[in-house]
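In the two complexes that follow, chain A is the common piece, with chain B as its partner first and chain C second.
Entry: the complex of A and B
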């Protein structure tokens, strides 16, 4: 094992002989040292992304963020919507040269109150994410992690030190699903979710519903029960529509009816804020007051069409709406 | 003056054929080497930052 290293970033814990890369493609054993190949080298950088696109609906609604992503991912979902960057090597795409200082400068220049680490998987560009987050906080800019949460505890604690919000993609409430469709496991993701909430990060959960694979309402019920019990009923849940993509082109898009039923199921299990995304369903993106039932924030796509939130509370009945509003 | 192998001249045709195969093999290897070299060059262009959260296994 001379010269081998063991990566401790994610539950895979890849053991790498010299010259070999981890499963994420972006961490390489270079002469006995583990090197990140993507530090300061995003392949996607968007200066004015709506935060609703992440999606985070209860975090600075109506604002824009700078979004960055490098190549690589430590999961390999067969339905990945960003596989052209998540499932390639660093040398396959020409990156931008964008060190942390320039990301933060771009956020200031474009008057974005937050930076999102997104599109692929911020866990695999851990050092870049962490350093950019710290610098952003120094300058009063908030950070949003958009992640699948497949990470070990120690690095997650470090990432959360400067994370203000996260959208965590809970693929399904089934270990078999994680194993067969994502090449991962469920348990570390659930632990990451609990830890993030415990550490005070504002967390929203996304569940992509893939027809025939994870659209079973019984499984969705169990997932919602777990969210309500372990994370709390105020944690927003986004059901997202699947589109035929990557290695799952043989399946149809998720029917609107399935998403609406999932939403009704989640509400019936006690979750207070449940959304339907990637499709225009009437009321699917609206924040509804759980007490009086009035619309607090009306949305159409990523746009906010009406805002009746007053000091973080429902403008009609005064009930506090959980979230980070300023 | 080189002699083109004639139809039916199996020994000569075989020798030409082997030379063709060897040539193809060498060309293929050269291309692969160029490809690997190019990829390594691109990889080196990326910023090399030592990662956190790893341990040596020596």
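Entry: the complex of A and C
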């Protein structure tokens, strides 16, 4: 086994002989050492992304963030909406040269209060994310992880040291779904969710509903029960519309009715903040006060059209609304 | 051998073949999940490194594999993990029970 290395970043724990790359495509065994090929080399960088696009709805609403992503991912979802960067090798795309200092400088220059590590999978560009996050915090800028949460516990703890918010993509509440559609497993994702909440990261969950594959309301009920019990009923849940993409072009987009039913199901299971995204459904993006039922934040798409939040509480009845508001 | 016997043996053979194919495909999928490493075109990688389009940044969270130490000798990755976990433990971010997953040498077991 001379010269082999074992990557311990994610549950795959790839065992690599010299001159091989891991499943994520971006970590390689180079002369007996594990090396990241993408540190400071994003292929996507957006200076003024609305945080609502991540989506995070209870975290600095109405603000913009710098978004960065390198190539690579440690999951291989057949419906990936960013497969042109997540499922390619780093040597196949031309990256920007953007070290952590420049990412943070861009956030300051564009007056963005946060940086999002997003689009592909920040776990696989772990070192770049970690160092940029630490530097951002030194300069008073917050960090948002947009991730599938397929990571081992020790590196997740390290990432959470400087993470303020996360949107975690819970693909389905089924191990079979993870295996068949994503080449992963469910349990590490659930553990990651619990750990992030316990470590004080503001967490929102996204569930992409794919017609015929994970639109069973009984499974959605079980997922909501788990979220309510393990993460808490105040954790926002975003049901997101699937669009035919990548290796699932034979399926139709998710019907609006399915998303609305999923939302009703989640509310009936006790979740307090449930949203519908990637589609314009009346009220689907509004933050509603769970006590008085009034709209606290009204949204249309990524835009906020009305805000009745006062010191983190409902402007009508004063009920505290969970989130990070400033 | 009667006609029924031949039918029975034929059905048995077909069942065995189908079961074998199913097991083979399940094992293939397991292998796909468990051994995902793939070989690199190193000359291409080195070309991209020289051109500055890739980085050569030390990764965190890994360990060398060594025949004489099946679980891997202490490495920068392993000691880094343990410092981190001890820090989390001392700040109360992890319970002793959780930390024990990463500190097996302390004699603590979950």
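By our rule, the second predicted complex is superposed on the first by the 326 of 326 C-alpha atoms of A that agree within 3 Å, B and C clash if a C-alpha of one lies under 4 Å from a C-alpha of the other, contacts with A are read in each partner's own complex, and residues count from 1 in each chain.
Basically, a residue touches a chain if its C-beta (ideal position, glycine included) is under 8 Å from a C-beta of that chain, and two chains touch if they have at least 3 such contacts.
This structure is a prediction, so every number in the text was calculated from the model and none was measured.
A.B. asks: Where does A:199 make contact in the superposed view: on chain B (first), on chain C (second), on both, or on neither?
C.D. replies: second
A.B. asks: Between chain B (first) and chain C (second), which does A:23 come into contact with in this model arrangement: first, second, both, or neither?
C.D. replies: The second partner, chain C, only.
A.B. asks: Counting touched residues of chain A, say whether chain B or chain C comes out ahead.
C.D. replies: The partner that reaches more residues of chain A in the superposed model: C.
A.B. asks: Touch test for A:39: chain B only (first), chain C only (second), both, or neither?
C.D. replies: both
A.B. asks: So, does A:12 touch the first partner chain B, the second partner chain C, both, or neither?
C.D. replies: After superposing on A, A:12 lies in contact with chain C but is clear of chain B.
A.B. asks: Does the superposition put A:282 against chain B (first), chain C (second), both, or neither?
C.D. replies: Neither partner.
A.B. asks: After the superposition on A, what does A:179 contact: first (chain B), second (chain C), both or neither?
C.D. replies: In the superposed model, A:179 contacts chain C only, not chain B.
A.B. asks: By the touch definition at the top of the document, which applies to A:153: first (chain B), second (chain C), both, or neither?
C.D. replies: Touch partner of A:153: chain C, not chain B.
A.B. asks: Does chain B (first) or chain C (second) touch A:244, or do both, or does neither?
C.D. replies: neither
A.B. asks: Name the contact category of A:312: first (chain B only), second (chain C only), both, or neither.
C.D. replies: So A:312 meets neither chain B nor chain C here.
A.B. asks: Give me the intersection of chain A's contacts with chain B and its contacts with chain C, in residue numbers.
C.D. replies: On chain A, the residues that contact chain B in one structure and chain C in the other are 1-9, 15, 27-28, 30, 32-41, 90-91, 95, 126-128, 152, 154-155, 158.
A.B. asks: Which bits of chain C are touching chain A when the two form their complex?
C.D. replies: Residue list for chain C touching chain A: 29, 32-33, 35-42, 44-45, 48, 52-67, 72, 77, 81, 84-85, 88, 93-94, 98, 101-102.
A.B. asks: Chain C touches which residues of chain A in the complex?
C.D. replies: 1-9, 12, 14-17, 19-23, 27-28, 30, 32-41, 90-91, 94-95, 97, 126-128, 130, 152-155, 157-158, 179, 183, 198-199
A.B. asks: Please output the residues of chain A touching chain B within their complex, sorted ascending.
C.D. replies: Those residues of chain A that touch chain B are 1-9, 15, 27-28, 30, 32-41, 89-91, 95, 126-128, 152, 154-155, 158.
A.B. asks: What residues on chain B touch chain A, complex-wise?
C.D. replies: So the residues of chain B in touch with chain A come to 39, 42-43, 46-58.
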